[in-house]
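Before anything else, here's the structure in question.
Just so it is clear, A, B, C and D label the chains in written order, and each chain counts residues from 1 on its own.
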């Protein structure tokens, strides 16, 4: 498949199917000397974990990660880091009945067409279960960026269906199962999810990611721009259909006089650009939004075909999330961290020595 | 900078500054045997060319491309193709006065911070002039995809400011300077641009790209998904702040029962997904939208600083587009073609022999 | 470290230290549909395994490989393949006494300088133990190349110290612990190794690799030539100090009239080139030699320093091979297979359809 | 062809055929702030230039290089550098008679088989003329490494046919057309070349490359070892059939006690390893040898076939070198510089801060 690696200097390569023996990944390019242990990774994995609230799939996975290499006496050595999560709750028997069926809007059809074979159990490689390793790898990047550079990368639920959630309080984000930063919206979200469960339906979501304290200078023009690489990483998350940087699609109907970010000796006066100019970080907060579609795994029957080309009806019962977007919060943080870490290492190699430069007074 | 290459098997590497001697690129990975001549590239270059209508920058560039290698007796040989466009209308003197100034919302500030030095003439490497070589390289991909696989890649202006332009007629798109597919909107667009010129302001735009006849199977999960690579390529275009695949951000408030694409023996019943499932093309039309911000090069003065940190006022007079989005149409097509061509070659290497498979009756 | 991947379309990424918990690798780019099971890999691993004869290190490792993903119902699916070997015989206590010492001619010194930290147990990541995963990954390539294309990749011991071993019989190669193809030299080899053990010394070796039935057309000029990529892969094996293709260094004193390979309608009349012309396979047998230095881990004391810069004497007692070259035979085969597989996939993407061409009658 | 790029952070991509309009390359990843002008490149190009002595091909090429981008006001800006050399002495008419012939031991046959088409004029892309751009790109790396790090990279002729040339004096190397460092051998070399011309034959050569003052720490284990990448780069030079690092093939018959490099507080006592341990530079002088085969373009007729499969006799008259190895000296330096520069940039990204470490007193 040869598409299982992301990053050029901070390289993450993953493997594993939804119902295989294990998920794993190799993180290459972690600088030596970072203190690292399994708990550092587990924290984020637990935020993504299935079965962690009644709003997410009821599949039970411990998602316990093991560090198999690259860390010696509590510190990274600069060698490749092997990570492993064993699958425990596989229940393969559940899936035999969809063996020959292409579930609508899933990857079943395209995998079968491309490869002529597919692991049909729980979506196989196409399952969002694969993102567990992204979260694990991203935790290493997040830790490095935070400890060495003071960068903080956080995401929250900005919208679910027609419920808009402003970020009012970061504390709140970590205290409810929706990653919602506005306490006053918790009831509406709860109600929406209940009604979806009842209707056997699902809904989309919008996630906002903020990276604070990013130094100026990250990003390599002209193709490997920081925003382009973020778009790549975020769009590679299952179910994502849109990516915005800064004001995103709102710029279409904005004038240059409204949309530009003026500068004074004290710094930028606004941040419509979302912290990136000409593909390079400006030192302002980096802001991105992603749109996630509703999962097509719903109880309401829909038409599809089997591998013999026969039309039939498909409906999904069982352990699925009514809003997959919720669990995308730690994944989006992880992907952002991976991209920033990669560009931090690239910048080490390509930048001038700009230690002396500082244009703000 | 080491970010000047895009693609893994169909590789495009570019060089050139806005006011340097020349722009150039190397296109590596073109299969042998494709008939190719300079006119094939010139057609698209002429669509992007500055000064081609009164609505775009008045800089005059012939943008005549030369093929320096890789084509022998009218056919590609499989070796790397060198392309060159000499800059003729450089007018470097115009720019001396902004030598020490960081124009707001331009890349001046971030380039200076990252590299400690920059070619300040017309934006240097950060200028959209660089995209000429993308268009030239993309033309080769477009020609190959069309001739060998019957793929057609076309884009149009979907919105400028508050003027929405539906695609009613592809013919129309090629007959007006706005790439607008709805004749009834031409007057409104013309009026908007006039009023912007008068006000010394600019506005954003939305472009829609459609790739028809793309075979099923292009895209490499899990990171190098076709949609992720499209997002990367499109977001790397100057001024782009958002990318959508299929229904894009509209999915946030859609139910799974509304948003899924059901399948029958005759094919898909809808295309909310925009032709990509699980990162792999489904055989449906691929659809993407991009949002382009208004250029900050406007006559209305705004605050900024110089390289000494002093605050000052900046305004741009001269040869700039009130809506840079217009000229992004051929660029967006080119980037889409480059990504599809790359994934076509990758699929050659990675796919099963699926010639026999066809699930639709 | 970011150097732990080899290949562009057939990508092998490894992790693991000599005395860590496990060794592992991810093989990405295996085409779908190949029958594959753990025994396919184990066969080659057993040939490389330590402790498999009295001539190699007495460390006991089962080297049992597990396939964790990418294979479903006995066949590859086109997704990334995760492989794992747990370390069982770690004996970390043996190494505490060399914790602060740079063993001469080992990587201890350079790792410490580069990373400021190293896993000193048994050489850590620099140990040849890492090559177990190369052999495992190479077995997949070997199987694919053999089953689908009829390619056969085999290596043998060409020289150990001053004992030259011609290839007289492939059968013989697999029947003695030296991988020697000349039965009449077995006694001399045995004698040499005994005398080395007695003297507490070691010796170098030369290995010859032959790849038969390779189709014409593999290799991508001008930098990723097949011979250049073979040189890279073979030189990356621990202790290798030289690589030859075809006649190698013997060409220095050969005339053009002696060294060229004439062609007739029946085919080539000789193979001085070793099966590669202009970086592309010619359809002849590919031939390469590698030179491996004697291991510096010997009982004879030598001078070195510790991490405080103090001079001291170092000698190695215990489980080391007097000739590491012996065990390089399956490793060299594996690296050759990885390179050929990668170029086979690249050629799928880049070649013309040359099915009709055949110049030999 | 997609093999026309070398390097990961210092990336060199080339194009151009022997008798095309021009040769060119893009050098990406040059750090900003290096003083650079065309003369810096021209010096090395002149050393490689055809027709520069009576011992090399009589083709006359000015080989005047132009810098088209990436340098502003005399300094590199961090953006991609475009280089161009126009072909002036093309004489295409000379080659029409070999249009349909596969010259023995040339790439004619393999290119035709791989691509189904080839530029037959003077070898097309397979011609050593392509190496002019390697020399130009290498000059930038050489200049950077010398100015910023004090690294010196030089090569000399170590052997031609049976004439061995020890390095006695670097001055001498630059004063004779053979790059020979032993004045006493000049007559023998002259005599050998005369006799070859008379006989219409050619001969092989051995070149030795030395890189002095390389800091400890360059090289990324386990696959992208410094020695592995050097082997790749050097083996990619036309006609090279062997690469040695340090003692090379001589290690086969050496004991561990003879071959190891002992260390004292004052430094290493020997340099059998050639300056690389475990794939990482040790701070000692890096030493490599390459073997170049005699050119098969000779006057003595040999058998070959045409593209119709007919056997015929081929002989080459005209402008060819009796010993192509001579001109490989600046090319080998360039390739070494490119690899070291790439690893210097990679080390910037991956190393610990080892400024404080120094084990030698």
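Convention: contacts are C-beta pairs under 8 Å (C-beta built on N, C-alpha and C of every residue); 3 or more make two chains touch, one makes a residue touch a chain.
A quick note: this is a predicted structure, and the numbers were derived from the prediction, not measured.
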Count of contact steps on the shortest path from subunit A to subunit D | 1
More C-beta contacts across A-C or across A-B?
-> A-B
Note, CA centroid farthest from subunit A's centroid sits on chain D
Interchain centroid distance [CA atoms averaged], subunit A/subunit B, Å | 26
Compute the distance, rounded to whole Å, between the mean C-alpha positions of subunit B and subunit C.
-> 45
Roughly how far is subunit A from subunit C, going centre to centre by Cα mean, in whole Å?
-> 38
Which residues belonging to subunit B are in contact with no fewer than two other chains?
-> 1-5, 9, 14, 29, 32-33, 78-79, 114-117, 125, 221, 346, 349-352
The subunit D residues in contact with subunit C across the complex are 1-6, 14, 102, 104-107, 109-117, 125-126, 130, 159-162, 196, 201-206, 216-217, 219-225, 227-236, 238, 241-265, 269, 272-274, 277-283, 289, 291-298, 300, 302-305, 307, 309-311, 346-347, 349-354, 357, 359-361
In the complex formed with subunit D, which residues of subunit B make contact?
-> 1-5, 9-11, 13-17, 20-26, 28-29, 32-33, 66, 68-70, 72, 75, 77-82, 84, 114-119, 124-125
Footprint of subunit B on subunit C - complex, ascending = 8-9, 29, 31-33, 78-79, 221, 345-346, 348-352
